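Which chain is which? They are A, B, C, D and E, in the order written, and residues in each are numbered from 1.
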Amino acid sequence: MLHRRLYQFFIVYGIGICSLFSIKYILNLSDYVIPSPIEVWLTAVDVFMRYSVNVLDTLSVAIIGHVLSIFMAIVVGIIARLTTGIGTLIKIAAFNIQAYPIVAVAPIIFILLGDGLASRLLIASMICYFPLLLSILGILTQPVSDIEHFFQMTGRMTWQLEVKIRIFENISKLIMVITGSATLAMVGTIVAEFIAANAGIGYTIRIALYQSDLAKILVALFIIGISTSIYLVCLEWMGHMLQKKWEG
Amino acid sequence: MLHRRLYQFFIVYGIGICSLFSIKYILNLSDYVIPSPIEVWLTAVDVFMRYSVNVLDTLSVAIIGHVLSIFMAIVVGIIARLTTGIGTLIKIAAFNIQAYPIVAVAPIIFILLGDGLASRLLIASMICYFPLLLSILGILTQPVSDIEHFFQMTGRMTWQLEVKIRIFENISKLIMVITGSATLAMVGTIVAEFIAANAGIGYTIRIALYQSDLAKILVALFIIGISTSIYLVCLEWMGHMLQKKWEG
Amino acid sequence: MSQANRRQITMLIECNDLNYRYPSSQANLFRNLSCRISIPGFHALFGPSGVGKTTLAKMIAGLVEGFSGKITVHPDTGILYTYNLERLPGWSLAKDHLADITPHDRMPDLKKLTESFGIQGCLESRFSKLSLGQQNRMNLTRYLLQDFNFLIMDESLANVDEATREVIILQIKQLFPQKAFLYISHNVMEVAKFCKIILVLRSADKSPQITEIKGQNQTDQDIPDHPALEQTMLEIVHAS
Amino acid sequence: MSQANRRQITMLIECNDLNYRYPSSQANLFRNLSCRISIPGFHALFGPSGVGKTTLAKMIAGLVEGFSGKITVHPDTGILYTYNLERLPGWSLAKDHLADITPHDRMPDLKKLTESFGIQGCLESRFSKLSLGQQNRMNLTRYLLQDFNFLIMDESLANVDEATREVIILQIKQLFPQKAFLYISHNVMEVAKFCKIILVLRSADKSPQITEIKGQNQTDQDIPDHPALEQTMLEIVHAS
Amino acid sequence: GQKNGSSSVDPINYRLKWLFNISSAGDLWADVNGHFQRQGLTVNIKPGGPERDAIRELELGRAHFGVASADQVIRAVSKGSPVVVLVQLFQINPLQWIYRPQHVTIESPEDLTSKNIGITFGGNDETIMRALLSKYQIGENEVNFFSVRYDYTPFYKGDVDLWPIYRNAQAVIIGKRLQEANDPIAFFDPHSAGIRFVANSVVTTQKMLKDHPETVKKFTQALVSAWIEAMDPTNTEKVIEAVHHFDPDTSPEIIVEQLKITRDLTIPFGDFEKGGQFFGKIDLAAWKETENMMLNQQLIHAPVNIEQYLNVWD
């Protein structure tokens, strides 16, 4: 599976970079606009190790942020099921906060949390939790009446059980969404680093952008792509195992 | 419904801004870190009309971007169902591209598309289509065998029909996801404006950031919140109508 | 037996002058429908497909609202409604689910029920891997282990073979002599043979919409009283 | 009539030495099972719940794989399998769906079927708003309007009342005298009365696992040949 | 290409470096007052931004003229981009460091030692600061660099002593805010410490210069004359109005201040009467110094001889 995903990533990346080079040669653009293959290669040799370390740094934050956001989404999803005032309020708050671009809210976050790991994690999970929340809300608000009927009838229904039933019935969808949102966790972390700027590949990209150095960005995107693929494969594998165990 | 949503937004916004002011007074922060209520009020009086026009501008682009991204997500979702090479490739490409933060890819987008509406729309829909894609993929890959069996047995199954059946069976989930992603469309457009900078509230926010003017940002967030709420209510209402009509 | 018990009989449910129309349909499904169900007893609700059995059952169980008229329940608790399309949660084996939802003191009943229902062999399976009839029986079993005064079984045995079905009905009657049941089935012979009262429901343009017929209420498979049974079956067919 | 047609009979399906075990289960469900189904004829597959009727039917329809042995089909087309839990798409009224999936030249049949099946009143409804028995009939109707040589009806009428069921079976036999059917039902009387061949399936530890019994194959409701029918019913019960 | 014809490039796209603000006062003035029209040119002025790069757009043919910083130009040249500098907008780089004299005292570059200095890593303030430190032989381990983003909170809260800022633009706004809170401000100016790092310039491509020399000439003349008018103190009122029209988020009172400082940075040749005509002068020595700084810090790998790309008008 890892093998297949990496292979697919190479194809996609290859297509992307080849079209970039074609544009370069067709339009006869200088190395400043689009770097030459050689320059990209030399840059890669030069920065690969350093960037890889940065990406690993980012990836580890992304994983924590992802776990956090899964947690947040489930909590909000569960609370939002409640029809009480607080339930609706939290649901609405979750939606409303999402309506703001992180760049606009970031100053407020920094004021509140400083610029340590906390802000970085918060920004990362804010970016990736929303798709999760949407799916989880969708799943948690849709009754599975042919299973739930018994528990309702016999007064055994608890919210935990309801959540369990609905999650179980939609487990494959959920695994897909969680896996998919992993890429967003990565994006979130990079954006957070871009804004909060002191470590990680997002910080590196920002410097490369200031220096108009597209070659460095292309190398960074390559390493990000590979490590995201690996993370996705791990998640898929874990999901698969979990599903197999749960569904027997 | 509109009334309720707006009311909820006011509560959420009110809570947010009150906690900000509390922090200000508890930590005894000066007006340049967190503006005083009076300053926020004066700023609001000053810029409200102008910002509202900007937000309307942004909202109209967001709506187009949203429609586009729904379209993109459905197309990618449908293509990704195919088990052929091209199907997998497009699916993988859709996932891989999403793995990159837009800020890193923006220079490449500008190189490829220039800075017309095209880039702005592409950035906006790239940000908001992914959650849609995830949900649509989840829905489109999960068979509804008790309905599909007949069509399969009698050789009548076409991909259009399969898509129709699966969408219909999940219509309420889908409406929820589409409505939810509307906020992301708004975010996407604002970010696009932030990057592509020539109009809209994103551009305005950027200037406010650049001037370190939190009061203006708070006003902008307020107007964005209101107009997003209105858009959400419209979508919910449309979804409701559609569902009523389709489900009879 | 039914004579000896007469003094014990209590009215459990009284429906008075029910009128109901589904919001999306034109005509009334029920028009001035009245009926009573007594406890104890294994009763039936019978009638052609589409006549409203499920709807009436759900109204009694409180799952359908918006009707006019009055449904009185004494005492006001312990009504369960079960139907043939229910599923057990997929994450555990059938036996684990059953163990979960069975009160401690009913464990012996659990064993007895699974044996006489012929589903011991299914206990190690997950629900989704059972045949339809096995699913029917598994679902009914768990309801019987609950605390109830009145259990409505809406086609709960629709996909079970006749022989097993008879065994099951007799077993239920024997194990729960103090409870009331409302068995919805399309098998005339079966309801005539085993039920105490058969409520025969017909369409709203006929009056009365519901007729009570006394069934054979047999408690044993092997003593068929042919002429009386045929008489009951005829009555049922005429009433519908 | 069955005698007059004898020369017309063709073998449609032959199952030879089937062995099958569900991947998740320990024991074999089928052990050296062999049977044949001929065209035309309204046949039944009968047996206690959980014995493997649905599995065998799906194997014949090509929906279950991974068995050993051979299933031969002549000609290799036109097998349809329908079961009682199917649903119609929710976005159109029943009549619109039916109109959609009925070939032009079968429109008169559509009218005839809905009338004799007693579902004209349901045509203006959506499927989800029908009663179970109405859903059964609606689903069966659409299959009958398709192009098939052999239709497997897996408990397709499980939630329909007996009287209506008889009408439906007779109507099918009358309208499709050249086709073959495999009717899975738990009603002994019914299969004995109306089916041509009843395949009685029993558990894998018995041999042969499947027995063919000649049914009464009645084409009319009103001429019951009591003793012969009872004889057939007895045979079926003994075989299972 | 066509040898002649101002009409052959129509309309002309002019990409700025940054959003519309005081740093494009002359460009906006030209637009408002028809300077380009009078030369027979139709010009679309487009705002820039951090993700924008005018030089890229020039090469892709999406823009014909643009504003770029000197480090962008030198980098582009080092990578073979056929870019030419037409006008140097700022004679003194507006990038300075703001600090609060109540908290820190900076009287000479040596006072930077052991201070928390905000820099944008990768930005030209980093280059300037490093050059300065090396010029005054302050080791980089003797100061603390603080990575800067657009949010000023760390400076407001005193976590950072010096914060990089555009003297003619945000500095006025931020300064006003601090002064309102009775927190006086001061600036540390690298230029006065002898660091001459060129700021924004107007650029075009060599191809444009070769194929449409007339257009380039007319454009340059229109632009320079507009800038001179815009810097003319007698036009102050109208210039403020024009800038405020494009930059409504900055109040006229602020723009007055910004304009004054911008005048000092673009025309530091004595008062306007005497020096105004020298607007846009390309400061060859400063360009060479800028190139050297970048070379020393290995931002370019070989000398580019930047003087060859400066289109010095006489």
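Going forward, contacts are C-beta pairs under 8 Å (C-beta built on N, C-alpha and C of every residue); 3 or more make two chains touch, one makes a residue touch a chain.
The shown structure was predicted, so the numbers you read here are calculated from the model rather than taken from an experiment.
Shared contact partners of chain A and chain E are B. Summarising the inter-chain layout, the chain whose CA centre lies farthest from the centre of chain D is E. Two chains share more touching C-beta pairs than any other pair, namely A-B.
For chain C, the chain whose average C-alpha position is most distant is E. Between chain B and chain D, the centres computed from C-alpha atoms are 52 Å apart.
With centres taken as mean Cα positions, chain E sits 85 Å from chain D. Each chain gets a centre from the mean of its Cα atoms; for chain C and chain D, those two points are 27 Å apart. For chain B, residues touching at least two other chains, in rising order: 33, 103, 107, 111, 206, 209, 248.
Counting only residues that touch two or more partner chains, chain D has 24, 85. In chain E, the residues that reach two or more other chains under the touch definition are 51, 53, 56, 60, 151, 153.
Chain pairs that touch one another, listed by label: A-B, A-C, A-E, B-D, B-E, C-D.
Only residues 22, 24-25, 47-50, 52-54, 84-85, 118, 121-122, 125, 129-134, 136-137, 155, 158-165, 186-188, 237 of chain C touch chain D when the two sit together in their complex. Interface residues of chain D facing chain B in the complex, by the touch rule stated above, are 61, 80-83, 85-91, 93, 101, 126, 139, 142-143, 146-147. Taken in their complex, chain E has these residues touching chain B: 19, 46-49, 51-53, 56-57, 60, 62, 150-153, 156-157, 170, 173-174, 177-178, 180-181, 183, 247-250. Within the complex, the chain A residues that touch chain E are 27, 29-33, 35, 106-107, 110-111, 115, 195-198, 203, 206-212.
Residues of chain A that touch chain C in their complex: 146-147, 149-150, 153-154, 156, 164-165, 168-169, 246-248.
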